[in-house]
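Shared between the two complexes below is subunit A, which has subunit B as its partner in the first and subunit C in the second.
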Partner chain A sequence: MNRLPEPFGCLIDRSRPVRFRFDGLAYTGLAGDSIASALAANGVRVLSSSFKHRRPRGIYSAAGHEAGVLVQVNQEPSVAADERAIAEGMTVSRHHKGGRWIERFDRFLPVGFYYRAFFRPAFGWRLWEPIIRRRVGHGRVDPGFAGGEHDKLHLHADVAVVGGGPAGLAAALAAAETGAEVVLLHRRPRLGGGLLWGRPDAAGQHGGDLAAQLGAAVLAEPRIRILTAATVTGCFADRWLSAVQGARLIKLRARALVLASGQREQPAVFRNNDLPGVMLGSAAQRLIRLHGVKPGRRAVVATANDAGYGVALDLEEAGVELAGILDLRPGHPPGDLRQAAAHRGLPILQGRAPVAAEGRDAVQAVLHAGLDEAGGERGRLAADLLCLSVGGTPAAELAVQAGATLAYDPDVAGFRLTGLPEGVFAAGAVDRRFTAQAAEADGKAAGREAARAAGFVPQPMHRPTATAATPNHPFPIFPHPEGKDYVDFDHDVTVADVANALTDGFEHIELLKRYTTLAMGPSQGRLSALNAARLLARARNLPVAAVGAPNPRPPFGEECFGHLAGRGHHPVRRSALHPAHQARGAKFMPAGLWLRPAYYGSDAEVAVRAEVMAVHHDVGLIDVSTLGGFDIRGPDAPEFVERFHTGSFRKLAPGRCRYGLVCDVAGSLIDDGMVCRLAPEHFYVTATTGAADGIYRSMLWWQAQWRLDVDITNLTSALAGISVAGPKARDLLAPLTRDLDVSAAGLPFVGIREGHIADIPVRALRTGFVGEVAFELHVPAGMALALWEMLLTAGERLGVRPFGVEAQRILRLQKGHIIIGQDTDANTTPAEAGLALAVAMAKPYFVGRRALEIRAGQPLERRLVGFTLADPLAAPPSECHLVVRQGDIVGRVTSVAHSPVLNQTIGLAYVAPDQAEPGIAFTIKVRAGRLLNAVVTKPPFYDPAGARQA
Partner chain B sequence: MNPSPQHRRSFLAHRQAVLTAPKAIAPDGLVLVDLSARPRLGFKGRGTPAWLQGRGLALPGRPNEATPQADGGLLLRLSEHEHLLLAPLSETDGQCQALATAQARERPDHVYPLPRQDSHAWLLLAGAAAADCLAKLCAVDLRADRFGLGDMAQTLMARVSVIVARADLAEHCGYHVLCDSAVAEYLWDCLLDAMAEFGGGPLDQAAFASGLRNPEPP
Partner chain C sequence: MKLIPCPLNGLRNAEEFVCGGEVQPEPDASQLSAADWAQHVFHRDNRAGLVREWWLHVPSGYWFIAERDTLSDRFLRSYPASELFAKRTPVGPAEPGDR
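And then the complex of A and B:
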C-alpha cells in the first residue's frame, strides 16, 4: 500500500474502508478516496489507454482535466476516475483494452487522416465506419441504463461566487458582510481549493490553517448558501449560470458575479510525456495532501517556479526520494521554497529541462538537458515519478463565456483575462494573484465590488496588484525527432501533428483545433490550448498574442442528458369531465394539449359504430369543453366581431348564432366557430380546439391595434361544453329545465338561450355539427361534472350514450362539415373550401379582406368537394392519398370515413376546379400505386334537407 | 350566470387529499391544499378600480400587488384594470357573492365580471420549505424575504401560466397558486413531485382550515 500516515489525506476517513472492483479485481480504498486515488494507493498506475494510440495513461492532473482518467463505472461511461468518489460495491472498468500495436503505425495515422483516407471511394465509409466506431469512443452506452430521476432548481443571489478557494471564500464573506445574499458554488466536496493541497509557505502549515479559518467563517455566515460538489457549466448573459450538482441542474441568476475559479497547472511537452508516473506537480500534491497517497518512490521535479519546490518538499516529507529538481530557469532565482529545498540539501539542477521520459508502461527514468544554445550534456535520472511544475493558465472558461477575453501577455508568458463585463469580477489565481495571501485579499476586494454592483454599500478597498513574478516558463516544449511528444493527451496530438496541420494550411488556431482535433476532446484543451498556441506562434514566427486561444464553449465539465431532459414538464389539459370519461373506459387521444375521449370501450370499431348509431337513433353526449370560448363585451363588440370575422353579424339578433370564419391577413382560413349574440353589446364566440389559443392571441393583437371600446374574455377553461345530440335530445332536456323552452319553436336551429338545466346555469346553443337535433350546453366548468352525471342518469331510459371524437368525425363528415386544419391548409381560401357564402365581401373591412380581393382575381387552383366511391365495395382511400389526373397531382383526400348509417365510404378531397361538379369522376392514387375511382358528390351526404335538425 | 353552489366541485375532487391530520401543517411540514372549491371572482375593464373602491375594497396600488381585505380576503391586481378577489381561508365567502350580486344589479360601466372560480384552480402550498419547493418549478425569486406579503407574480410554473401570491398564514410560509382549471391536475402532480424531497403531501381543505384555527404548538 502507498498510503501515507496522518496528517496527510485530509479528505479520507481511515476508519471507513470501501471495497470496489477495477477491471475484475477487488480493491479496498477509504471513504473520501477518488477511484484514481484508491487505485494509486493500491499501486495501480494505469487507468486507461489513450484514444488513438492506445498508450497507457494514468493520473495526470488528479483534478479531472484529461481524458486519460475516463472509466466506465457500472453502466455509466466516461466517468473521471480522479473526481468520482469510490462507493461500496462499485464496479469500474477501463474503456479500452489492448490494441497498443496501432502505436507502431502512428506515422501512417497523421492528423487529417480520416478526412483524407475514408471519403473515397463513395462506398468506402460504409466499410470503414463500423470498424472505426468499434475502436473509438469513451465507454459503452447501455440503452437499458436507467439514469435515475433528474430535476432542475432555480436559484437567485445578490452575489454568486464561483470557486471555494481562498479568493472565493474571502469574496463570499466580504459580500455577505455588506448584507448581500450570496450563493457560493464549489466544484469539490470540501471548501478550501488549493489551500487544501498546495504548499504556500516553506513550513507547509499555512494553507490548511487558512482553509479551516475561512471555511468556518463561511459556514457561520447565514447569508451565504454553500453548494459543494457543484460544477458551474456555463455562464450566460446577465449573469445567468448553469450548474450541475448531483442529479440536479441549477439555474442561478445573480446581480453580480465573482469568478474565483483559480488557475490550472500546464504540462511540458517532451518525448513520452504521457507515461503513467508523469504528472503535474499539483497532482502529486493532491494525492499526498488530499488522499494520503504516496505518488511514487523516486521522483524528479521539473519546475519553472517556486511552487515546484513546494512539490519537492511535499514529496520529501511523504518519504519520496528526490532524484533531482530540474529548474528550467537560468541563474539563481529567488524564492522561499527554493531556499528551503536548498537548505534541506535537495539536489537542484539549475537551467535543465526534461527532454524525454523512458519506460514502456510507466516512467523508469528521465532524460534531461541544458537549456542554453549548446544544450549541454544529457543527463539521466532513474525515477518512477516525474512532476511537472512549469506554469499554469487561468481557469477562465466561465469568464470567457461571460464575455471576457483571454489575451496572451508576454510579461507573464501566459494568458490573462481582459474585458470582464459589467457586474462580473475575477479574483485570485484566475486573475494572477497566485499566493494564498494575495488571493484572499483579492477575493475580499472583489467580493465588496460585487456587493456594490448588486446595490449594497461596502467599505471601500483597493485590490492588490497582480504578482509580477510568473510561474510560467515561456516555452516548455522540447520536440523529439521520434515523436510521442504529446501536446494534447485526449486525442494523442503530437508536435509533429501540429506542424503537419500548418503544412496543410490550417494556420488559424480555430482551424488548427478542428483539423487536429486538439482541444476538442473531453478536456476541451484545458491542458493543451496554451502549448498549442505557443507552438503555432513559433512556427508562424508570430507573437503568441497574435495567435490567441481556442474559444471554450459551454458546457464546462459534465452535463448528462438527464440534466438537460430531467423533469421535462409537458403540460396536459384535461376537461372538467375527464374523471367521468376515465370511469367510463374512454380511450383518450391528444388534441393540441388536451386529452379527449376518442371513443368509449375496448374495441374501437364496435364502440365508434355504436356511438354513431346512438346519436342517430337515441341521444348521445359529447364533451366539447375543449372548444375555445370568448366573451366579446362592450359598446364596440359588434364592430370587433365584424372586423375579426369574415361574415356579417351586425344584424344578427340577440338569441341567434351564425357560422363564423376567421382568415389571416393573407386571406387563408385559420379557424371557424359559432358567433352568438347574447345581447346587443355581448357576443359569445367559439373557436376550434386546436386554434383557440391562437385565436385569443390574435384577438388581443388586433384589439391592441384597433383600440375599440370592448372587452375580450377567454372562457375556454371557464366554460365546459356538453353537446346533447340525437332525436331524443329534447326528451332528455325538457324534464330537467324550468326556464328553457327546448322545443323547436322555443329554441330553434342556430339559436342561443341562457337558462338552467337541473339548476345549473347554461348557455344552450342549437348547432348542427353532427346532423341531428343538438344542444351545446356551455356550463361553468366547476359544475360540468354534476350536469354530465345528471344527464347520463336521466337519459338512461332514452338509451343515452357518451360518444367520442371518432364518432363525431364520422357524424360531421356525413354533413360535409369541414375541420379547419384537416380539410384546409395554410393557403386555403374560403372559396376553395366552398365557404364563399360565409364571407361578406360587401363589408368595408375585415381581417384578410384585401388579400381575398386580390386572390379572387387569380384563377382558382382547386376545390374541396365531397366524394363517394364508384365501387361502393372498394377498399377506402386514406387521408392524404393523392388525387391524380393524367399523371399530375391535382389534389388530395382530406377526410374519409365509412358511414354506418349510409353504409358507404364518404369523404372530402381537393380536385381541380373543373372537376368539382357533382357526378364527375376522378382518380385517387392509393397504396402501392393502385388507382381508385371516386365520384364528386355534393354534401351533405346525410339528411341533405336538414329535416332531422329542425 | 348565477352560481349554484350545491353542484360545484373542485377540478381535483377525484384526487382528494389523503392527509387529514391538522398536525401535518406544523411549521416544518410542507402541505398542498386544493382551495378550488373556495369562492373567488374577478372584474376587469376601466371602471373596475373605482367601482371596487366604491364597494369598500382596499385596492393594491399597482399591478402585481395583492392587498389583504378586512375580512381576510385577498385582492390581487393583475393589471391596471383587472382584479381578482380570493375569499378568506375561513368558512365565509367574504365579499365574493355580494360583489357578484351588486355587479349584476348595478351593471356599472366598463366593469366586466370574470368567472375566476371556473377559469382557475386555486392551490395553496404551505410550509417552511415552500419557497425551495417552488424554486424547482418556477424561475421567479419567490424566497420569503424577497417575495413578501403583498407581492404577486404572473409567471410560468412547470411550463403553465400561474398567478402566485404570498398567503398570510401567521407562522406558516405559504403561497397561493392559481392556474388554468384545465391544467389543475397536471400542476397538482408537478407540485406533489417537487414536494416529495421535503416530505409532507396533500392536505384536506377542512383539515387545513382547522389547523389554521388551532395551530400545533411548535
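And then the complex of A and C:
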C-alpha cells in the first residue's frame, strides 16, 4: 500500500474501508478516496488506454482535466476516475483493453488519416465504419440501462461565487456582509481549494488552517448558500449558470458573478510525456495532501517556478526520494521554497529540462538536457515519478463563455483574462493573484464589487496588484524526432501532428483544432490549448498573442442526458372532465397540449362504432373543453371580427353563429371556428384545440397595431364544453332547463343562447359538426363535471353514451367538414379547400385579403375533394397516401375512415383541379406501390340536405 | 438564458417570450403590387445591428416592442406597442348603416 500516515490525506476517513472492483480485481480504498486515488494507493497506475494510440494512461491532473482517467463505472461510461468518489461494491472497468500494437504504426496514422484513407471508394466507409467505431469512443453505452433519478433545482442569487478556494470564500463573505444573498458553488467535496493541498511557504505551514477558518465563517453566514461537489458546467447570457451536483442539474440566475475558479497547471511536452508516473506537480500534491497517497518512490521534479520546489519538499516529506529537481530557468532564481530545498540538500539541476521519459507501462527514467544552444550533455535519472511544474493557465472557461477573452501576455508567458462583461468579476489565481493572502484579499475586493453590481452598497476596496513573477516557462516544449511527444492527451495529438496540420494549410488556431481534433476531446483543451498556441505561433513565426486560444465550449464537466431531462415531466392539459373520462375507461390521445379521450373501452373498433351509432340513433356526449374560446367585447367588436376573420359578420344577428375562417397574411388557412354574436358589441369566437394559443397570440398582436376599442378575453381554460349530439339531444336537455327553449324553433340551427341547464349557466350553441342535432354547452369549468354526470344520469333512459375524438372524426368526415392542419397545410387557400363561400372578398380588409386577391389570379394547383372507393370492398388507403396521375404526384389523401352508417370508405384528398368534378375517377398509390381507384364524391356523404341536424 | 426587459413585467427569462419578428407596419394593400405585397409578407431585412422587434410575454399575453442590437444580442430599449401604434388604424371605409 502506498498510503501515508496522518496528517496526510485530509479527505479520507481511515476508519471506513470501501471495497470495489477494477477490471475484475477486488480492491479496498477509504471513504473520501476517488477511484483514481484508491487505485494509486493500491499501486495501480494504469487507468485507461489512450484514444488513438492505445497508450497506457494514468493520473495526470488528479483533478478531472484529461480523458486518460475516464473509466466505466457500473453501466455509466466516461466517468472521471479522479473525480468520482468510490462507493462500496462499485464495479469499475477500463474502456479499452489491448490494441496497443497500433501505436507502432502511429507514423502511418497522422491527423486526418481517417478522413483521407476511408472516404474512397464510396462503399468502403460502410465496411470500415463498424470496425473503427468499435475501436474508438469513451466507453460503452448499455441500451438496457434503466436510468436513474434526476432532478433540477432553480436558484436565484444576488451574487454567485464559483470556486471555494481562498478567493471564492472571501468573496462570498464580503458580498454577504453587504446584505447580498450569496450562492457559493465549489467543484470539490470540501471547501478550501488549493489551501488544502498546496504548499504556501517553506516551513510547510499548511493552508488548511486558513481553509478551516474561512470555511467556518462561510458556514456561519446565513446569507451564503453553499453547494459543494457542484461543477458549474456553463455560464450563459445574463449570468445564468448551469451546475451539476450529483444527479441534480442546478440553474442559477445571479445579479452578479464572481469567478474564483483558480488556475490550472499545464504540462510540458517531450517524448513519452504521457506515461503513467508523469503528472503535474499539483497532482502529486493532491494525492499526498488530500488522499494520503504516496505518488511514487523516486521522483524527478521539473519546474519553472518556486512552487515546483514546494512539490519537491512535499514529496520529500511524504517519504519520496528526490532523484533531481530540473529547474528550467537559467541562473539562480530567487524563491523561499527553492532556498529551503537547497538548504535541505535536495539535488537541484539548474537550466535543465526533461526531454524524454523512459519506460513502457510507467516511467522508469527521465532524460534531461541543458537549455542553452548546445544543449549540453544528456543526463539520465532513474525515477518512477516525474512531476511537472512549468506553469499554468487561468481556469477561465466560464469567464470566456460569459464573454471575456483569454489573451496571451508575453510578460507572463501565458494567457490572461480580459474584457469581463458587466456584472462578472474574476478573483484569485484565475486573475493572477496566486498566494493565499493575495487571493483572499482579491476575493474580498471582488465580492464587494459584485455586491455593488447587485445593488448593494459596500465599502470601497482596492484589489491587490497581480503577482509580477510568472510561474510560466515560455516554451516548455521539447520535440523529439521519434515522436510520442503529446500536445493533447485526449486525442493523442503530437508535435508532428500540429506541424502536419500547418503543412496542410490549417494555420488558424480554430482550423488547427478541427483538423487535429486537438482541444476537441472531453477536456476541451484544458491541458493543451496553451502549448498548442505556443507551437503554432513558433511555427508561423508570430507572437503567441496573434494566435489566440481555441474556444472552450460548454459543458465544462460531464452532463448526462438524465441531467438535461430531469424528472421527465411531460406537462399535459387535462380538461375539467378528465376524472369522468378515466372512470369510464377512456383511452386518451394527445391533442395539442391536451389529453382527449380517443374512445371509451378496450376494443377500439367496437367502441368507436358503438359511439358513432349512439350519436346517429340516440344521443352522445363529447368533451369539447379543449376548443379555444374568446370573448370579443366593445364598440369595435364587430370591426375586430371583420378584420380578423375572412367572412362577413356585420349583419350577423345577436343570437346567431356563423362558421368563420382565419387566414394568415399569406392567405393560407390557419384556423376555423364559430363566430357567435351574443349582443351587438359582444362576440364569442371559438378556435380549434391545437390552434387556440396561436390564435389568441395573433388576435393580441393585431390588436396591438389596430388599437380598436375592444377587449379580448381568453376563456379557453375558464370554460369547459360538452357537446350533446344525436336525435334525442332535445329530449335529454328539455327537462333539465327552465330558461332555455331547446326546441327547433326556440334554438334553431347555428343559434346561440345563454341560459341554465340544471341551474348551471351555459352558452348553448347549435352547431353542425357531427351531422345530427347538436348542442354545444359552454359552461364554467368548475361546474362541468356536475353537468356531465347529470346528463349521463338523465340520459340513461335515452341510451346516452360518451363519445371520443375517433368517433367525432368519422362523424365530421361524413359531413365533409375539414380539420385545419389535417386536411390543410401551410399553403392551403380557402378556394383549394372548397371554402370560398366563407371568404367575403367584398370586405375592404381582412387579414390575408390582399394575398388571396393575388392568389385568386393564379391558376389553382389542387382541390380538396371528397372521395369513395370504386370497389367498396377494397382495403382503404391511409392518410398521406399519394394521389398519382401518369406517374406524377398530384395530391394526397388527408382524411379517410370507414363510415359505419354508410358502410363504406369515405375520405378527403387533394387532386388536380381538373379532377375535382364528382364522378371523376382518380388513382391513389397505397402500400407496396399498389394502385387503388377512387371516385370524387361530393360531400356531405351523409344527410346532404342537412335535415337531421336542423 | 437571457433576460428580456418587458415593459409590463420587468426583466424575465427569455423562455417566457416569443419573438414576433421585425416591426413592419402593414402597408396599404390597395397601393401595392403583387410583388411588393410578397416582399412585405415574405422578406425581412435581417439586419446586423439595431433592429426593432415584436416580443410577446407569453404568460401575460402582452405584446411589446424592443430595440435589440443583433451584433451584441443586447436589448437596448423596450416599450409598449402604443408608442408606435398610437391611434386606431382605419383600414378602409366602414360599411354605412351597420354597427
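Following the convention adopted for this analysis, the second predicted complex is superposed on the first by the 947 of 950 C-alpha atoms of A that agree within 3 Å, B and C clash if a C-alpha of one lies under 4 Å from a C-alpha of the other, contacts with A are read in each partner's own complex, and residues count from 1 in each chain.
Here, contacts are C-beta pairs under 8 Å (C-beta built on N, C-alpha and C of every residue); 3 or more make two chains touch, one makes a residue touch a chain.
Because the structure is a prediction, the values reported are computed rather than measured.
In the overlay, answer first, second, both or neither for which of subunit B and subunit C A:Glu796 touches.
In the superposition, A:Glu796 contacts neither subunit B nor subunit C.
Taking the superposition on A as described, I'd like to know which of subunit B and subunit C A:Ala237 touches: first, second, both or neither.
In the superposed model, A:Ala237 contacts subunit C only, not subunit B.
In the overlay, answer first, second, both or neither for which of subunit B and subunit C A:Tyr696 touches.
In the superposed model, A:Tyr696 contacts subunit C only, not subunit B.
According to the stated criteria, A:Leu719 is in contact with first (subunit B), second (subunit C), both, or neither; which is it?
first
Where does A:Arg850 make contact in the superposed view: on subunit B (first), on subunit C (second), on both, or on neither?
So A:Arg850 only meets subunit C here.
Between subunit B (first) and subunit C (second), which, if any, makes contact with A:Glu605: first, second, both or neither?
Neither partner.
So which positions on subunit A get touched by both subunit B and subunit C?
Shared contact residues on subunit A (touching subunit B in one complex, subunit C in the other): 251, 253, 714.
Sort out for me which residues of subunit A touch subunit B in the complex.
151-156, 251, 253, 567, 569-576, 578-579, 594, 625, 631, 633-634, 711, 713-719, 754, 756, 758-763, 780-783, 785-787
What part of subunit C is in contact with subunit A in the complex they form?
1-3, 13-14, 18, 20, 25-26, 29, 32, 34, 37-38, 40-42, 54, 56, 58, 61-63, 73, 81-82, 85-89, 91-95, 98-99
Which of the residues in subunit B end up touching subunit A in this complex?
Interface residues on the subunit B side: 1-4, 6-11, 13-14, 36-37, 44-45, 110, 112, 114-120, 135-141, 143, 146, 158-160, 180-186, 190, 193-194.
Going by the contact rule at the top, pick out the subunit A residues touching subunit C in the complex.
236-238, 240, 251, 253, 635-636, 638-639, 643, 650-651, 665-666, 680, 696-697, 700-701, 704-709, 714, 844-845, 849-851, 854, 857
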